[in-house]
Amino acid sequence: MVNPYFSRDVLSMKDFDRGDLDLLFQYSDKIAGLEYKERASLGTGRTLGIMFFEPSTRTRLSFESAMAAIGGTSVGFSETRTTSLEKGESFADTVRVVEANCDAIVLRHPMEGAARFAAEISSKPVISGGTGTEEHPTQAMLDLYTIMKEKGRIDGLRIGIVGDLKYGRTVYSLIYGLSKFNVSIDLVSPPLLRIRKEATHDFGTSGRANSIEIREHDSIEEVLPELDVLYMTRIQRERFPDEQEYEKVKGSYFIDSRQVERMKRDAIIMHPLPRTDEIRHDVDSTFNARYFKQMQYGRTLRAALLSLILNP
Amino acid sequence: MVNPYFSRDVLSMKDFDRGDLDLLFQYSDKIAGLEYKERASLGTGRTLGIMFFEPSTRTRLSFESAMAAIGGTSVGFSETRTTSLEKGESFADTVRVVEANCDAIVLRHPMEGAARFAAEISSKPVISGGTGTEEHPTQAMLDLYTIMKEKGRIDGLRIGIVGDLKYGRTVYSLIYGLSKFNVSIDLVSPPLLRIRKEATHDFGTSGRANSIEIREHDSIEEVLPELDVLYMTRIQRERFPDEQEYEKVKGSYFIDSRQVERMKRDAIIMHPLPRTDEIRHDVDSTFNARYFKQMQYGRTLRAALLSLILNP
Amino acid sequence: MVNPYFSRDVLSMKDFDRGDLDLLFQYSDKIAGLEYKERASLGTGRTLGIMFFEPSTRTRLSFESAMAAIGGTSVGFSETRTTSLEKGESFADTVRVVEANCDAIVLRHPMEGAARFAAEISSKPVISGGTGTEEHPTQAMLDLYTIMKEKGRIDGLRIGIVGDLKYGRTVYSLIYGLSKFNVSIDLVSPPLLRIRKEATHDFGTSGRANSIEIREHDSIEEVLPELDVLYMTRIQRERFPDEQEYEKVKGSYFIDSRQVERMKRDAIIMHPLPRTDEIRHDVDSTFNARYFKQMQYGRTLRAALLSLILNP
């Protein structure tokens, strides 16, 4: 097997083709089947550098736990307050400091392009853990892996993505990832939060090997009964430049157990978490809920990804 | 050996009988005697999820160090500021996030019942690291283990517990633990800080297989010469609803080297730490001081407990 | 081989002779050549206690990464806010708490003598990670190792040390370390920031086995063409009692690529990091820059040092 991930940066879902993703999913399956000790031998003595300039419980925990699962260690920081940035150190120097002390870096940053910039500086592979409003590629990888595991396939599915499509970086990575498959995508958002055109502008072009349909909707009602996958997202207050805009759309796009009854019986509901009100708590106990299982797949997938990046 | 700890929650000392405790102490002795590498093979590839909603140096360090000693890794958070709770995530969802990323959880929380609630949600075992004013079971386990190691037995001892008996959660767990043995307990506190009746109400009932005597005192003086174990506790400012109440009792209950001379020569002095003034620093160098050794036993005991919980 | 580091405190460069340093450098070379798994077997099951009472990204990361490289785990804290010091615990008790939970301690503290005091209390070896304005011995060890690796030797070199020589603790450790070799040292600083006489007072005494020359300068210009090693340091605002004093000297002592051209072709430029303006960014791409490589040597050297301290 040629390992296309070895020593490679993970910055955008655009950089990974379908073969790359298939291999990652197969390797995730393999990792999941290993005994603890066997899995823990994959990253023994390796160090993951954590550079989180934005708070995050889930993504940080998932990476640290995945690194631990393969026997490695995470070092770094998850806030800027205790770092040397306070002593006037440049971002580039901080990247070099972390790079000197690890075998791979995972970086989360509020600014667009921060991960790509870090990757240019660092000789060690850089994984984006979410930057600005642009991408969160490993989230998309685990989203796709969840669909594959829970639906048995991605091709041929109808997938609804609901919520803040303008500022939600997970959405962009997910759409770039889905675009490698033959899928039908329904985008549901308030007009104010429509997806940015950069994400979908080339979907209609003729050169594609696969077929994607994409439609935009104002209301969740009209597509609900047709979906195989409902992907809900949080409307993030911190992404809004303006509090008033936030108040207008907050709470318009949610799902509860009554609405779940209108869905296909085997449809699944996903969410990148954390959720607030957009998935009501009575949905948790439905057959369709997969957002917590999705997080478990995330640990496995990230353990697989880290192992592939660190080992030739 | 049947392992009664495997995959089990540790929420209250009431849930563990004398046989369970004996087995835990024996296994702690065994762990203590292992070579580093042998011990480190017990938890290889395992992850402990740390959820500390209250600050704690000792308990967190002890669990992380114990997990490291068996070769495992700790992930999580020890303050709420950097977690998703700030993004409006519910406590239940945060538990599920951590659960998905670990093999066992240790939780500290200012509210009563938080660990039990987490245990109901989580499919992974939950260990209470102290919740509200109710319990701190692993502290009691290590307290009992310390007595066993330093006095050779627990049965037949006379044990004084001094300080804030109303709000101190370690005291409750200790009393529940001691109640499995044949002991004589002297509770010393200001009237304002007497133990809550829930802790001792069934000690006089006739069905018990073992014998416990329990007495309450206002002053440390009257019992000091009789004790085999003196267990001091801090009067915690943060447990008081009212600053004035705190000032009234602060400093009334302490021990210094002059008082130690009035104790039995082989009596031992314990404390869950951190201490402030209640054990004066001139006690540290007496033969009787065991509060730092107690902490070392804590690491061993928690390593044993984690190993038993994680391995069938 | 007799290992002079086993169970030993690392508090001052004065405590290590040339033979000790040679052995450390040889062992660092050996560590660097090991496979990941082999290196990770040196500290399996061992725990390093991190006690950082001052913020530090580099030193903390370097120690944690070094400990991970030898297969061990770091536990502790890197700020006082979440520790029991807030509950009124004494520094001595906090040392004992950490000591009970680890196999060695690394301590950073704003006060002089804090590491030595901790070492007196702790039965586990204590490594100073920088205390007050006095010393930062492991920084000096890695500085010397960097010179050895990049220049092939230390004896016979002319070494310029530039910047804040009064308050910079790395400078003192470096000078104590260099004093074991036959070197010529040029100290460049504003008169206000001259080195404290305690550092160099015995360099002229006749009993020394080696020869050291030491000179002081006001300007970097006069010595630049003669140097084999240029060691730049940051003028640290936080070391100044007075903001006005800081503003006077800030920016007087820097190097840029134009100045690098005046240096020997094979001279190397070092810096303990973080830097601000004292090394301009156009120097990074010159042949002479070694400050990032220096940090990589630091990880290796600290892994070697920890392994020697932990294993007989």
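A, B and C label the chains in the order they appear, each numbered from 1.
In the analysis below, a contact is a pair of C-beta atoms (placed from the backbone, for glycine too) under 8 Å apart; a residue touches a chain by one contact, two chains touch by 3 or more.
No experiment lies behind these values; they were computed from the predicted model shown.
Engineer: Among the remaining chains, which ones contact both chain A and chain B?
Structural biologist: C
Engineer: Considering chain B as a copy of chain C, what rotation angle in degrees (nearest 5) results from a C-alpha superposition of the former onto the latter?
Structural biologist: For the C-alpha superposition of chain B onto chain C, the angle is 120 degrees.
Engineer: Same or different for chain A and chain C, where same means more than half of the interface numbers show up on both copies?
Structural biologist: Both copies touch with mostly different residues.
Engineer: Centroid of chain A to centroid of chain C, CA atoms only: how many Å?
Structural biologist: Computed value for the inter-centroid distance: 40 Å.
Engineer: Please set out, as single numbers or ranges, the residues of chain A touching at least two other chains.
Structural biologist: Each of 73 in chain A touches at least two other chains.
Engineer: Quick check: in the complex, which residue numbers of chain B touch chain C?
Structural biologist: 36-37, 39-40, 55-58, 61-62, 64-65, 68-69, 71, 73-74, 78-79, 234, 236, 238, 273-276, 281, 292, 295-296, 298-299
Engineer: Given the complex with chain A, which residues does chain B contribute to the contact?
Structural biologist: For this pair, the touching residues of chain B are 41, 44-47, 49, 72-73, 75-77, 81-84, 86-90, 92-94, 96-98, 100-102.
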